[in-house]
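The data blocks that follow each hold one structure.
Next come two complexes built around chain A: one with chain B, the other with chain C.
For the complex of A and B:
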């Protein structure tokens, strides 16, 4: 038995890097310090696995599967390449080159989660920081439309509300405000819970900014919250030493979307005239941030990049994969480390099922079920190494803890084989 | 592969070659005495031959640069690079994509570029991007002046331990030099504050900016690092800050031993006279006077080229002021226990009084500082404009006519306030070769770069202009045009650019320093650092370290320290 320490957990955007695992006979047998999700990820990774490549539902050799994938991609006029948030930065990097070579559209799951955050940032900017800055300094924390107690289980203890920092020593030295449409577990642990009316976040953010800037509000109630309450919160925001606003899909995917983020950016920017204030999206998949980063450095844009013109082109709403699928514009798809069939709108899924789909994934998913070609791969962070970016864009190196099942390669290796053969074919 | 570059007019200031007609022989990536008869011959008759350019300060890779890319899709739409059989696709303009950066530098005849500010915690990101910048050799400076471990050691007077820590971190993170950005001020920015003078206290560390700068300057000497400390001043971007700049230079005067011991970067941004934006004037004459009298200082310009820019620095409080002034979108990104970064898009306008003054400051510095070996050409890309505009700056330096032409169109009040109209100095090709390659290579102590002597790396730029016939003073447009697109760029003995187009692409080297250290000392420091790390960081020490295998083409440079 050997024990491996400082393991980075390949589950959520928190990328906790203090996990300790025991490995025995090529299996992870024990996980220490991980949250329940992390433990499940490390110990049950063998379940629902695919062990053999498939073409049209029939077992095939890796070479046959790759040849078929290459044939589909080379013949496609407008292919989409989607997923990427649960694999290594290196694999995504290869994916970008494939997309460029075949004139496809490269998009990642930010498209359907924090895409509006990125668009809001492109309109207004963002004041942000790494998580340690919050841990050391934040005496006021807001969780808005996010529920870390469920989705990022160690976030509050390691980085935010209950963490122990240099200047702020723990939970009792911080004020915690939760804004949500329902009383979540995170809300129950807060000092103040603001139950905003559904789809009224924009109004509340704008009212808060008004209250910060001008003191008093005219209307008695905004977004279901009494004016006095909003004014009280505004006073709290101004008088903290360092405030941090964490936000989730409750803000990005409710009415207003990117406009909500702009409103939040404007509030935080205004607050920086009085005190120090930052904000940060609670990114979900462990390397969705990395997907945005590597796409940006190679193409200039963080998601939804269309190479059909020969150069990178970006126009969310047009070049986003859900929109392309809904229009029925694409004629082939390469899905890597993602399950769009489970998450996409019905019309998009219906159109996806009509075109040849190549899926590269360690696990059986609804998407593999509709795929023409399925290539199983190793799990990054357990069976393969690679880089990943935490939600605050801190890059970490995922470790290889055990060998993958026999004849199973990493996403990066499989994609490199596809790229090589495509290059021979398309030049 | 062997190459013979025949009959070019060679400018190689390190070897004191000033426009001599001669042949340059290349073999196995190096300059050699001679090559065989089968060598590929490049006919460089009537052409200008120089060593490949060496850019000492440019923001090309890492979290800050990429934040700029993400923040600014509007920067990319109109400037696109389609894929070719040799090159990857990409976008510009002020914050180009990584492949495009490599190609565009190569087209300018530049072959070595240094990323100017990498926060240690995000240096893995810097290296991942450097891996994807093709052709040029590169490295990065590590921002260390607001680092809590450094501040702890310095405030306790533990210079040797601090030196050992810095030796370790340069090695562990694969960096090249010590970068200082608004020392003390950026730590205070963690609370939304800043320092205003070199002697302000920085709580809770009980240390002043002056002590930080002096401490790091001493450490730089103990470690015998190839470059000096590389410093972005306090009070950057504020009227009257030229005094802080001179005071900072003066703060390490007594530590010098005949050689430069401080590089002050993008001095245009810290060369402001006056007291307010209304009374703003150039502080360049005072700074130039100081530099002329003090050989321990080198500077680079941060020259403004009018048009679009993206300001991005590790100076969070400065960027905050800039967003207040402009109302433009603003990104701030603090890094725990280490520093900050800020980004604000900006457009430099000729008719704007402040912008026009800024333009004059850079040129005044270049023209009033007598020794070209101590003033380097930069635009602090992309802060004062993109590096692709270097030929425009060169034209201004070589031609009073070019300067007059621009001066006719700048803000009149700014023109009246500048000494520039009375300066008639014009740079020669030899001096241009100094400020763009020879002096920068020397300041970085890259002994194989910046010259064409036998044994040097075969990094060569050939421009299609005849320096014996052209009169740059009058025909500055010809010079500008020729320098925009090299006739040939040779990198490591391979022809990578021909007639201004990329003809071959590969990955250049990433070099970094490996300071020597007694094993016992390293163990002791690592023990202490490990303790601090648990308290200061949200990542483990093991995961902070960057493996050599993470660099696409790694080249370590061992440095013998006096630790």
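For the complex of A and C:
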């Protein structure tokens, strides 16, 4: 038995890097310091695994599966390459090269997650920082439309509300405000809970900005919240020394979407006239930030990059995968480390099922069910190493803890094999 | 039948159970659910654990009603991310790429005796062929 310490957890965008695991006979047997999801991740990774590549549901050799994938991609006129947030930045890098070579659309799961955040940031800028700064300095934390107690279980203890910082020592030295449509577990741990009406975040953000700038509000109630309450919150925000606004899909998926983010950016910008204030999206999958980072360095755009013109083109609503699938424009798909059949609306799924799909994934999913070619791979952060970006864009190295099942390669290795053969064929 | 605003999202149980496998009993038990406020459950005249049909303009799905631990939220229903939630969601993105996965108008009615489809059956009804 050996113990491996400083393990980075490959589940959420918090990338907790203090996990300790025991490994015995090639299996993770014990996990220390991980949250409930992390423990499930490290101990249940063997469930519903795929051990052999498949073509049309029949077992095939890796070489046959790669050849079939290459044939599909080389013949496609407008393929989509989607997923990427649960793999290494190295694999994403190879994916971009494939997309450019075949004139495809490279999109990642931010498209159906914090894509509107990126659009809002591109329009209005962002005042942000690293999680270390929040831990050491923030004396006021807002969680808006996010529920870290469920989605990022150690975020509050390690980085935010209850973290023990150098200058702000812990939870009793911080004020915590939660804005949500439900009284979540996170809300129950807050000093103040604001139960905003559904689809009304834009109104509340705008009213708060008005109250910060001008004091009194004219309307008695906005977004279901009495004006006096909004004015009280505005006073709290102005009076803090270092405020941090963490926000989730409550802003990006509800009415307003990117406009909600612009309103939040504007509020934070206004607050910086009085005090120090930052904001940060609560990123979901462990390397969704990495997918945005790598795509932005190489192509100039963080998601929805269309290479069909021979150069990178980005136009959310047009070059985003849900829109492409709903229109039925694409004629092939390469899905890496993602399960869009479970997560996409039915119209998009219906059209995805009509085209040849190549899925590269360690596990059986509804997406592998509808795929023409399935290539199993090793789990990054458990069976393969690689780098990933935390939600504050700090890169961390994920470890290989155990060997993958026999003859199973990493996403990066499989994608490199596809790229090499594609280059021979079309390049 | 009650009218609600439907939201989808991550839940702790959804995060844990997906590690057991997307075709596992655990995943279906934790994800094919609709979290409702206790008052709404009372209005529906059902007991927690009984099946309900969730209908939107975009589709309908049978899931198990559970009493929400993130309450109160009368008039709001929550289904964790997964194939059941996705089957009642719109695909329009309003030029953002992001479908409106929160804040959708929906109705909920008791569906006693109606089956909750497992992922294979559910996908079959969506794609219209044997996967």
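Following the convention adopted for this analysis, the second predicted complex is superposed on the first by the 427 of 427 C-alpha atoms of A that agree within 3 Å, B and C clash if a C-alpha of one lies under 4 Å from a C-alpha of the other, contacts with A are read in each partner's own complex, and residues count from 1 in each chain.
Heads up, the rule we're going with is that a contact is a pair of C-beta atoms (placed from the backbone, for glycine too) under 8 Å apart; a residue touches a chain by one contact, two chains touch by 3 or more.
Note that the coordinates shown come from a computational prediction; the quantities given were computed from them, not determined experimentally.
J.: For A:17, select first, second, both or neither according to whether it touches chain B, chain C, the two together, or no partner.
T.: first
J.: Under the stated touch criterion, which partner chain does A:177 make contact with: chain B (first), chain C (second), both, or neither?
T.: neither
J.: Which partner does A:335 reach: the first (chain B), the second (chain C), both, or neither?
T.: Neither partner.
J.: After superposition on the shared chain, which partner residues are touched by A:86: those of chain B (first), chain C (second), both, or neither?
T.: Once the two structures are laid over each other on A, A:86 reaches no partner at all.
J.: Of the partners chain B and chain C, which touch A:60 in the superposed model: first, second, both, neither?
T.: neither
J.: Go through the superposed model and pick first if A:301 touches only chain B, second if only chain C, both, or neither.
T.: A:301 contacts chain B only, not chain C.
J.: Taking the complex as given, what residues does chain B use to touch chain A?
T.: Interface residues on chain B, with respect to chain A: 61, 63, 65-66, 69-73, 75-76, 80-83, 85, 88-91, 95-99, 121-122, 124-125, 128-129, 132, 148, 190-192, 320, 323-324, 329-337, 340, 343-344, 535-540, 542-543, 547, 550.
J.: Going by the contact rule set out above, which residues of chain A touch chain B in the complex?
T.: 5-6, 8, 17-18, 89, 93, 97, 100-101, 118, 121-133, 135-137, 158-159, 166, 241-242, 269, 272-273, 275-276, 278, 292-294, 296-302, 307, 309-314, 387, 389, 393-397, 427
J.: With touch defined as at the start, can you tell me which chain A residues reach chain C in the complex?
T.: These residues of chain A touch chain C: 11-12, 36-37, 40-41, 44-45, 47-48, 107, 111-113, 115-116, 119, 147, 149-151, 153, 181-185, 187, 195, 198-199, 249-250, 252-255, 257-258, 284, 303-304, 316-318, 320-323, 326, 339, 341-350, 353, 363-366, 369-370.
J.: What does chain C use to touch chain A in their complex?
T.: These residues of chain C touch chain A: 5, 7-12, 15-17, 19-24, 58-59, 68-73, 76, 78, 81-83, 86-87, 89-103, 119-120, 123, 126-129, 131.
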